[in-house]
Amino acid sequence: MSEAITSANTVHLNGSGQTNGSIVNGTKQFIVEDAARKTSQSANTVNGVAANKVSANGVSSTSKRCLWFEEELEEDLRWVFGVSKILHTGVSDFQDIQLVESGPFGKVLILDGKLQSAEADEFVYHESIVHPAMLYHQEPTTVFIMGGGEGSTAREALRHKSVKKVVMCDIDKEVVDFCREHLSANSEAFSNRRLELVIDDALAELERREDKFDIIVGDLADPVDGGPCYKLYTQSFYENILKPRLSPGGILVTQGGPAGILTHKEVYTSIYNTLRQVFKYVVPYAAHVPSYADSWGWVMASDHPFPTSSPEETDSRISKRLVGDLRFLDGQTMAAIFALNKHVRNSLAQETHVYTEETARFIHGHGTAQRPH
Amino acid sequence: MSEAITSANTVHLNGSGQTNGSIVNGTKQFIVEDAARKTSQSANTVNGVAANKVSANGVSSTSKRCLWFEEELEEDLRWVFGVSKILHTGVSDFQDIQLVESGPFGKVLILDGKLQSAEADEFVYHESIVHPAMLYHQEPTTVFIMGGGEGSTAREALRHKSVKKVVMCDIDKEVVDFCREHLSANSEAFSNRRLELVIDDALAELERREDKFDIIVGDLADPVDGGPCYKLYTQSFYENILKPRLSPGGILVTQGGPAGILTHKEVYTSIYNTLRQVFKYVVPYAAHVPSYADSWGWVMASDHPFPTSSPEETDSRISKRLVGDLRFLDGQTMAAIFALNKHVRNSLAQETHVYTEETARFIHGHGTAQRPH
Amino acid sequence: MSEAITSANTVHLNGSGQTNGSIVNGTKQFIVEDAARKTSQSANTVNGVAANKVSANGVSSTSKRCLWFEEELEEDLRWVFGVSKILHTGVSDFQDIQLVESGPFGKVLILDGKLQSAEADEFVYHESIVHPAMLYHQEPTTVFIMGGGEGSTAREALRHKSVKKVVMCDIDKEVVDFCREHLSANSEAFSNRRLELVIDDALAELERREDKFDIIVGDLADPVDGGPCYKLYTQSFYENILKPRLSPGGILVTQGGPAGILTHKEVYTSIYNTLRQVFKYVVPYAAHVPSYADSWGWVMASDHPFPTSSPEETDSRISKRLVGDLRFLDGQTMAAIFALNKHVRNSLAQETHVYTEETARFIHGHGTAQRPH
Amino acid sequence: MSEAITSANTVHLNGSGQTNGSIVNGTKQFIVEDAARKTSQSANTVNGVAANKVSANGVSSTSKRCLWFEEELEEDLRWVFGVSKILHTGVSDFQDIQLVESGPFGKVLILDGKLQSAEADEFVYHESIVHPAMLYHQEPTTVFIMGGGEGSTAREALRHKSVKKVVMCDIDKEVVDFCREHLSANSEAFSNRRLELVIDDALAELERREDKFDIIVGDLADPVDGGPCYKLYTQSFYENILKPRLSPGGILVTQGGPAGILTHKEVYTSIYNTLRQVFKYVVPYAAHVPSYADSWGWVMASDHPFPTSSPEETDSRISKRLVGDLRFLDGQTMAAIFALNKHVRNSLAQETHVYTEETARFIHGHGTAQRPH
């Protein structure tokens, strides 16, 4: 099955999904059924022994015994997990793309050898990057996502009934196409009429556009040396390009890199301090994302104050404004992720570094791929 | 020779060669000087190039290039970090003991191949297990620590001016002796006159004693299959042995195992639910401990309500009651670690499993060694 | 279903889509063509940047950075290499089957998580197990292969012009089908009219048959605990079942497990000594197989003496009798692999263990999968 | 040994430090005895449980579970083994030095993170580099070793009764001192009156000297990029500096790097071809060295023919000329290691590359440390 989709994926990567669809009798749906059928077939041919073996030791035992994904979090720190299958692979102009079946984290999206998102806990990252800002806003109708090619950030934004338009601007067409095809959790979002997909450099796109947005989300790669993303973390970008595109009362929220006790000074504190040079109100928050092997940070910024609201008010706002339930966030969780520990708060308060193209700070690469915006 | 150099390193690492020398007997002092001499000698012979090499690439490059500590968090999840030196090793009746110099976490204490405590972030775990319960208590004077042989938990408890006696009961004499000798951060605590050290099974010791305690701390290994510790997590132990040893208004706090989005159901929820069968008021909390590659859980329990207090009140209580500053905890941090996310809160609320010797639940072993209590 | 695609990739890999397509059923054939077309398309559509990336850093860099195959050679010895693609996967009644693209060894066949055969050096193993015995024989016309489902052993045997029939008896139909379909190097052999393929237990098959063979080859898994193969290494099997099936002047040759300086006593010496109880003339030999991370052993046995022959005679015999050239073996190489070093020769001479079902000796599993015969 | 002392200290945390101290007096010999005694002591003091644990699961289980040595043989090929102890560590002007206790290979000497020599199989490498050349020589009396700081090559050379002087010239004093102190197998050699130890660059030393040698051994690091060693593999060095130091009938033998089926073209073939430009008679040979995870190559060269001799003649020569028995080499083994396989012989015959400072060829580093000569 994985290979079947691989061929489909090959087809798709060179943009002839339709042709493929019509050849293999039309719809992805068919491929799925086809796969299911074949699977059950082999299930039939496999006798009792094998059946036991497959369920008991079969694939997972193999993955345990032989195939491992290894991410180098730091020069001397590795995060290693068993892989049972490579579900799909692709290559873009910018990076290698893999969707693998992992032991501990379910399906895992890997860009250029870095864990980007895991089925088991991506809801923590994506609920956290999207909903706080949108819930603080009085009535968000327009959202601009820098990056976010995976589609999960758009998916969460589109859950807000007030939203009329979500512009998702990612530079990597192949990643977007790959995720649209293979991440079933986001397929609805990708086909949502309110989603406007732009394949371009977010910086150039924001410079070009004249419309304004209630919410701008920076779902970007960390500023890694050699990666172009760091330009999207600089004071001049925030000041001259992004801020003009925020409507009155508009809020920027950006991912802020690792925010753990041992890693928050890599870039998180200086992203926070840089935003403080540009916006009146800046709010850092963080949560532990297991598949990243670290706590992760985000920063909200606006020139309008963030009204304090009780957990109860937040809960009712969530139930009024959103379609469906959240798994990670609610009023109390928001109180929790906004209350950083003393150690990190002190570092944030003492940070003096401001992000400019000249003073860019880089990190070793944590869980987020070196993906062009 | 390497032993000599090892002690030399110890001296160097805790910067108190003389003190250290005077603490230990003449022999070791001799070895220390001997090592110092050898060290300086080689220092003389090392030329500029080498000096650069050592500082720049020397040890760390070696550790990066060749020696790795690998902990299997799950059957198919590994936490791997570079090791530059094994500082000390020992063997007890119960486990192997190692103190190694790691790349990302500084000195790391390893028991039976499992990371027990890391210099870089042990303060997160130990401030969290000790101070909340003691701050909620009106005036804690007596503390009983089940396990805690490392000494860090005693160290934190002894910072409370109100404390007159801390009983630390660990079954493993060698671990206690090893840590007393090699963990310089805890040497003061080990020599504190208010510390009463007992080498025994905590269960037997609590059964035997007739005095009561304001605070009982369960600084134990996780309930791992084969490990004896699980008996210290059962309803009958809490009910019949531990609770009678709590003075009026007394509080039990125990470590609760991994509490991450993906791991909190292993034992954390059932430890919580078990305590709810025994105590009127039970409070779970958690924090991310980087070197454990997970969030960690603790549970406080008492028959007396935990008075609500504002972050400000907590902060003033900390400054009034404690000697020295805390690095991780303050009023706001406490609010944060007590506010669990929706996902984990739901699991805690829905848990029905109660810990008994018959229904013990085990985990794969997360960061905490399989250490007898 | 993975079958389906796999054929698709096979087309690409061995460029024999039509033949392959005609072998498989309509659906598959269809997908085969589809995939073939798509592949060329993607080649067209990938632009310069991407093309360079793929060839230069693309796949190999990814494999280097994130996906690793790990085989545990011993409890504390690992052989680890980068994997860029899982080309095909399957599951049989007996084991998991994977064909992966590796960094250092090209395509690698993995059975139950163990490296079975590598594109880069399988010729060393297969030339060594087949040709010495056949070259020592006056005129081998019939060959029986126990195991050998991969097809490479049959491929080598079929290169001998004198051979009229090669019976290959492997118990695992899925492995045979998988290799027939995906190992292009063996596709000719699989379709050779002189090959008689039997899916059965080699022991039962030899018991049942009444014809005799000039050469019997034991291309089996090592005797691993739990694996059934060890029965095919016992004195009683050799004596009562195998020997009666050898024609006058017939020769048995079996793989003998690891034969390195540190590993030859695991099973090699006792396989050798067991054969000495049954045959008049027994000849052990060995060669280093890089992808096994060890030297490998084989043993020839017969009741007829092995005539000494000069390297020159051997060379001329090879050129007279074989179709095509050998890559590893020639007269001088044979002299080399038969001349074992003093250390291993002493162990062979001193071995007293005889293989019986009661005294079976097992190894940790070296490079050869635990494959039923 | 350091572990013995360490355990001793651990065991004696409750007191016998005195004993320990009073015994230690800095003489190596003495510390050895001391360590030995301590070991038995600790065995006594540790109770049954622990004793069993230590012998049965203790150290080895720990090593298996947590500490690993990893050598990167190729960019995507790793050789990984369990380490139970770091016995000694040091730093020289040129490299980091470690002696560790490994699971599969016993004590292992590591220079700059690369396995240099393993207790379990170093005899294969060192018997092979020394004895063939010396046995081919009519009566070797003087030997010059380029590098060889470990001492094992000198040890083997000194076993020849005819030898009056062995000059060992290694540039790294610390490595020599480290090995002299800690490699007990070589302590006799280091104190042998016939050994002349020179700490210098072998090239400079040979240039300076005016005496000639019957045998010159190149026990050097592989020519690795950035390593100075490659100069000792160049045509001009052989022609202008080394050859003039060979006495009539003198023989040069040098290690030649990896010589496996997949690795022999890295440097082995061009070292061979370079020597052919300088000497009339050049003989390549190779053997599998398990701890290197590869076959290893050596090359002998001379302007005098190497007389053919039967295995029997070689055996009698060994027994006449050498003190003690060889473990790996004898007449038949020599025939074996000199008979290279067809694949490697073809590469040697076809090699056209000649080693000069301008055309130096480098390898990724195989088992031999980047050690200056």
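The letters A, B, C and D name the chains in turn, as written, and every chain counts its residues from 1.
In the analysis below, contacts are C-beta pairs under 8 Å (C-beta built on N, C-alpha and C of every residue); 3 or more make two chains touch, one makes a residue touch a chain.
Only a predicted model underlies this, so the values are computations on that prediction, with no experimental measurement involved.
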* Structure fact -> Ordered by label, the neighbours common to chain A and chain D are B, C
* Chains in contact with chain A and with chain C: which ones? -> none
* If every chain is reduced to the average of its C-alpha atoms, which one ends up farthest from chain D? -> A
* **Chain centre separation (chain C, chain D; CA means) in Å** => 35
* Structure fact -> For the pair chain B and chain D, the C-alpha centroid-to-centroid distance in angstrom is 45
* Asked: With chain centres defined as C-alpha means, what is the inter-centre distance between chain B and chain C in Å?
  -> 53
* **For chain C, residues contacting two or more additional chains** => 64, 68
* Touching pairs - complete list by chain label -> A-B, A-C, B-D, C-D
* Write out the stretch or stretches of chain B touching chain A in their complex. => 60, 63-64, 68, 74-82, 102-105, 120-121, 124, 260-263, 287-290, 293-295, 326-330, 332-333, 335-337, 339-343, 345
* Asked: Considering the complex alone, what residue numbers of chain C touch chain A?
  -> 1-6, 8-9, 30-31, 34-35, 38-39, 41-42, 44-47, 49-50, 53-54, 58-59, 61-62, 64-72, 83, 85-86, 88-89, 91-94, 96, 98, 110, 112-114
